[in-house]
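Single-structure report; data block below.
Labels run A, B, C, D, E and F following the written order; every chain starts at residue 1.
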Amino acid sequence: MTDPIILFFLLGISAGLLKSELRLPVAIYDFVSMLLLLAIGMKGGIELAKQPFMLLLPQILAVMIMGFVLPLFAFPVLHYVGRFMRADAASIAAHYGSVSVGTFAVAVAYMGTNGLTFESHMPLLLVVLEIPAILVGILLARGFSGKIQWGLVAHEVFAGKGIVLLLGGLVIGWIAGPEGVVSITPLFFDLFKGILALFLLEMGLIAASKVSSLRQYGAFLVVFGIAMPLFSSAVGVILGYALGMTVGGTAMLAILAASASYIAVPAAMRISVPEANPTLSLTASLGITFPFNVLIGIPLYYQLAATTHRVLGG
Amino acid sequence: MTDPIILFFLLGISAGLLKSELRLPVAIYDFVSMLLLLAIGMKGGIELAKQPFMLLLPQILAVMIMGFVLPLFAFPVLHYVGRFMRADAASIAAHYGSVSVGTFAVAVAYMGTNGLTFESHMPLLLVVLEIPAILVGILLARGFSGKIQWGLVAHEVFAGKGIVLLLGGLVIGWIAGPEGVVSITPLFFDLFKGILALFLLEMGLIAASKVSSLRQYGAFLVVFGIAMPLFSSAVGVILGYALGMTVGGTAMLAILAASASYIAVPAAMRISVPEANPTLSLTASLGITFPFNVLIGIPLYYQLAATTHRVLGG
Amino acid sequence: MTDPIILFFLLGISAGLLKSELRLPVAIYDFVSMLLLLAIGMKGGIELAKQPFMLLLPQILAVMIMGFVLPLFAFPVLHYVGRFMRADAASIAAHYGSVSVGTFAVAVAYMGTNGLTFESHMPLLLVVLEIPAILVGILLARGFSGKIQWGLVAHEVFAGKGIVLLLGGLVIGWIAGPEGVVSITPLFFDLFKGILALFLLEMGLIAASKVSSLRQYGAFLVVFGIAMPLFSSAVGVILGYALGMTVGGTAMLAILAASASYIAVPAAMRISVPEANPTLSLTASLGITFPFNVLIGIPLYYQLAATTHRVLGG
Amino acid sequence: MNENTGTLITIITEAPLEHTITRDIERLGAHGFTITDARGKGKRGLRDAGWDASSNIRIEVLCSSDIAEKIARRMKQRYYMNYAMVVYRQEVSVSRPEEF
Amino acid sequence: MNENTGTLITIITEAPLEHTITRDIERLGAHGFTITDARGKGKRGLRDAGWDASSNIRIEVLCSSDIAEKIARRMKQRYYMNYAMVVYRQEVSVSRPEEF
Amino acid sequence: MNENTGTLITIITEAPLEHTITRDIERLGAHGFTITDARGKGKRGLRDAGWDASSNIRIEVLCSSDIAEKIARRMKQRYYMNYAMVVYRQEVSVSRPEEF
């Protein structure tokens, strides 16, 4: 039994490859994204209310460091092996150091479908992981000496739709608590997987539209778009295990590490590293890594986490 | 007790006639249509999974032949009695030989409300019936000698939103099966009738906007827009009975036969028979036949099917 | 435990003040408004079916008179104290004499959350209250001698989206009755509070965007935007008590009286009193009164109604 | 090609005026118009389209210079005072001149 | 600034023709185009955009006057008869002329 | 009618630049602007508006030819290199010239 949301993704890819005129209207895509972001945020916030925040601080810090470190691995590979220009390598590295909310949503659905559980503060780590890679990317492109409009960058990141809705949902869930949100459950939680299905339909169409640029930019990007998430997921698994997370939490951290941004980071890079070609990074992130993670990666990373815990004990 | 979705349709017509500024935003109309198409497709697919496909082949073939034959009846009436130009007669004939998903959705709701059942593979027959009339319409307009860009026509039909979503939904339902789709039931099935109500509100507004063109094109179009579905429904009832369908299935086939396309066929005709005036066919299909079928036709055709089965036995 | 819909409103205000790029797409705002209007109308209609219409006539008349009287209080204050031009004072007065459906929806949610009940024909009074203030506003601006295109005004008011959907919903609910609407309950009633949450998110963003005009137009508008609803709510409470309403009904009437229009009235004023500056009235209505009512007013007016009933007996 | 110059007059104004203005345009003798949704800023402040009443439309009319003159005059007389509005005109060459 | 005059050709037509016409435009040598959604009225009646098939698009192409001439001709020959369409041209000064 | 010629400068570029560019425009002395959403194709490939970041906007500014010159220059200097952008200018006659 295949999860129907994956079938929606495949339908999107197929329709896109057949050059169907099918598209989600932009307003609907925005609507669907907003609902997912708010729902994920609220889910996290509700659970967060149940535990003392201070206990999470070490995890938050460790994960933040991972967000700084991952792009530092990606950059030299892209710049020296892949022979990308400095700006392009930095921008792609930032995309892969940050996270994708869409991938996270699919992972949440995957865990639910398979009756698996994970640490409930994962949405918080999602928010935490969005940002460090952006800073690293900018510094990699400009160097420490470069003139960077940090104010603009900060506004772009923190006032961007994604963070506002995720954090806003988190706070709402936190304050309202599990009973508080009962009245809005039908829209935000009961419809979650249906809305996710529509989202994945559009993501499939978008992924398919990247095929022609893939051909243009060649094999290295394809290899990188698969190898990098594999590497990052291993880092995520090790970190999750080291932090004493459950198998589910370890898997989710691996998935976060493996996912590549396609909303927050492109917007920030376009403003702060405009000479980087956005087609390159979006082709890799949306055309290769997102489909790879959704179709193959998520169960794989879960296996990796489970095996690690079994072998090392825990 | 009137079904509220019919009341929404009447509200739309009234608001339209009162020249209210009420309109569903285009993006919402698209959204609502997508949900209906996917839901109908999935419903069909889920049931289809339960029966061997080969047993359906004879029905599929017979229904396809009906799709070829109906426009051949309509064309001479339109061309010789109605004195429409060859291209216009061919185009209108194609509209009436094909089907309307909106009418089908209302019929599904009608059957549900009244606790009636029908063969679950009806959505498959819906897809099957969309296409033959288009081919016949093009040939009637161009003749066999004419230069027709079949590639373009095929792309327009098969890559069009309607077929992709219906067939896509069908396949998703088929693969996922009844348990698979449970998680997306709240969006696609629980909201079905509410979404259909919004769709009918807009359809009422559109139908009302055709009134002025109705006046312009005269009485023949009105008579044809009612007589043709009555005739087609009779053909549908006979075929359904002959194929050994249940009363419900016979009624649904009659409804399919009686409905007139307003999405797939207009798009295909605009490309392959551009000299046909689209206002003519859309006025008939949306301004007369759709309201007639929704308000009067559906229960009527059901009665016809029930009476036929009673009289002839079965 | 704070109601999450209020938290959504606060999120909207915060995001707006932080100059976030967050916005509900226009099509989604329209969609959400339509759902709320239809749901409120239907709720009223369903209940209305249970009681003889004639018994309501006195209440309807009394409330209508309140709608004529309130702007007559507001106008001199605005014109002579606030020193607004005749047209501007008339237009603002009309806004405050009429009602806000958004405020009403929040009040419905508030009553529901707190297990409070109210007379079920309130949506009818909502419709009744929309219109008189518009007529008064126009006459205040033009005088009885002025040439007024009443036909245009009537069309703008009665064919406007708001009234058509409210009244349409009312009639649908009335005819279909409680069993009739069961099939469309998931969309219109189960999702109600979630949809309202999204609506309030956008309203928060809009309210925040009025801050700069607030600064420009000064303190009087702020004071008026709070004092006027307080005064009107007192009138509403007295009228509700005098009409023999329950505590809940009295509170709802107070809320209706206290709310200020931001859709129907601005549209009508723009056409019939175009020299009035729409920024003034919308700044007051959306920037001050709506937030005040949502955050403070609704519970306050309920207390006022409860105290009045307790003190005066009933 | 049979080609001719005509005048293109563009009106940028408040969205709710759509029906009134297109009626004006047709009465003044123009045979058609094209409308796109817009947002903008001018002396009446920001009109950001988040809201029906705060959005703009951009109306284009191809017509003779006489009719364009009449339209511009009418706009000025009926709407300039009280509504957000900008009007400008250009000469263009039209490929289907017979109708204007 | 290195600046040059070019021709701006604007085509207003039925939305479903988007792909066919942009293909035509590119084949005739133009290096780009810009499209906005529109609604309107003309000799083929009201096209009010409530409906995909009843909405218009407005295509703008910056190109040399030669290519504009070819595009106008092609539109006339292939679409005028059967589709709602209006085409007009203007001279404009372009700030990035090297490409046109 | 009191009428005057002015310059209409049109900028077609990436949607996320909206705020930065309108700020530039106002700083350079223009009193207003009008924006419509668009999609298109140019030397930086297809920008098909399915996606916020991949959609275009079309900014129109009515101003004096001096200010138009400044705007064009500023666009060239700040955005041409790294962003999808096309800029062109026309003379138009404006019915409300006092403000430009």
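In this section, a residue touches a chain if its C-beta (ideal position, glycine included) is under 8 Å from a C-beta of that chain, and two chains touch if they have at least 3 such contacts.
Just so it is clear, the structure is predicted and the values come from calculations on it, not from any experiment.
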Required minimum of steps from chain D to chain F, each step between chains that touch: 1
Touching chain B and also chain E, the following chains: none
E-F compared against A-B, more contacting pairs: A-B
Far-end chain from chain A, centres as C-alpha averages: D
Chain centre separation (chain B, chain F; CA means) in Å: 46
Between chain B and chain C, centroid-to-centroid distance (C-alpha), Å: 42
Distance between chain centroids, defined by C-alpha means - chain A, chain F (Å): 35
Interface hub residues of chain B, defined as touching at least two other chains: 25-28, 30, 186, 191
Where chain E touches two or more other chains, by residue: 36-37, 90
Which pairs of chains touch, using the document's own definition: A-B, A-C, A-F, B-C, B-E, C-D, D-E, D-F, E-F
Complex contact set, residues of chain F against chain E: 12, 36-43, 56, 58, 69, 72-73, 75-76, 80, 85-90
Interfacial residue positions of chain F with respect to chain D in the complex: 1, 3, 6, 8, 22, 26, 31-37, 62, 90-96, 99
Touching residues on chain A, where the partner in the complex is chain F: 23, 26, 29-30, 205-206, 209, 263, 266-267, 270-271, 274-275, 278-279
Chain A contact footprint on chain B (complex, rising order): 25-28, 30-31, 34, 155, 158-161, 164-165, 168, 171-172, 175-177, 179-181, 183-188, 191
Contacting residues of chain B [partner chain C, same complex]: 1-5, 7-8, 11, 14-15, 18-22, 24-28, 109, 112-113, 186, 190-191, 193-195, 197-198
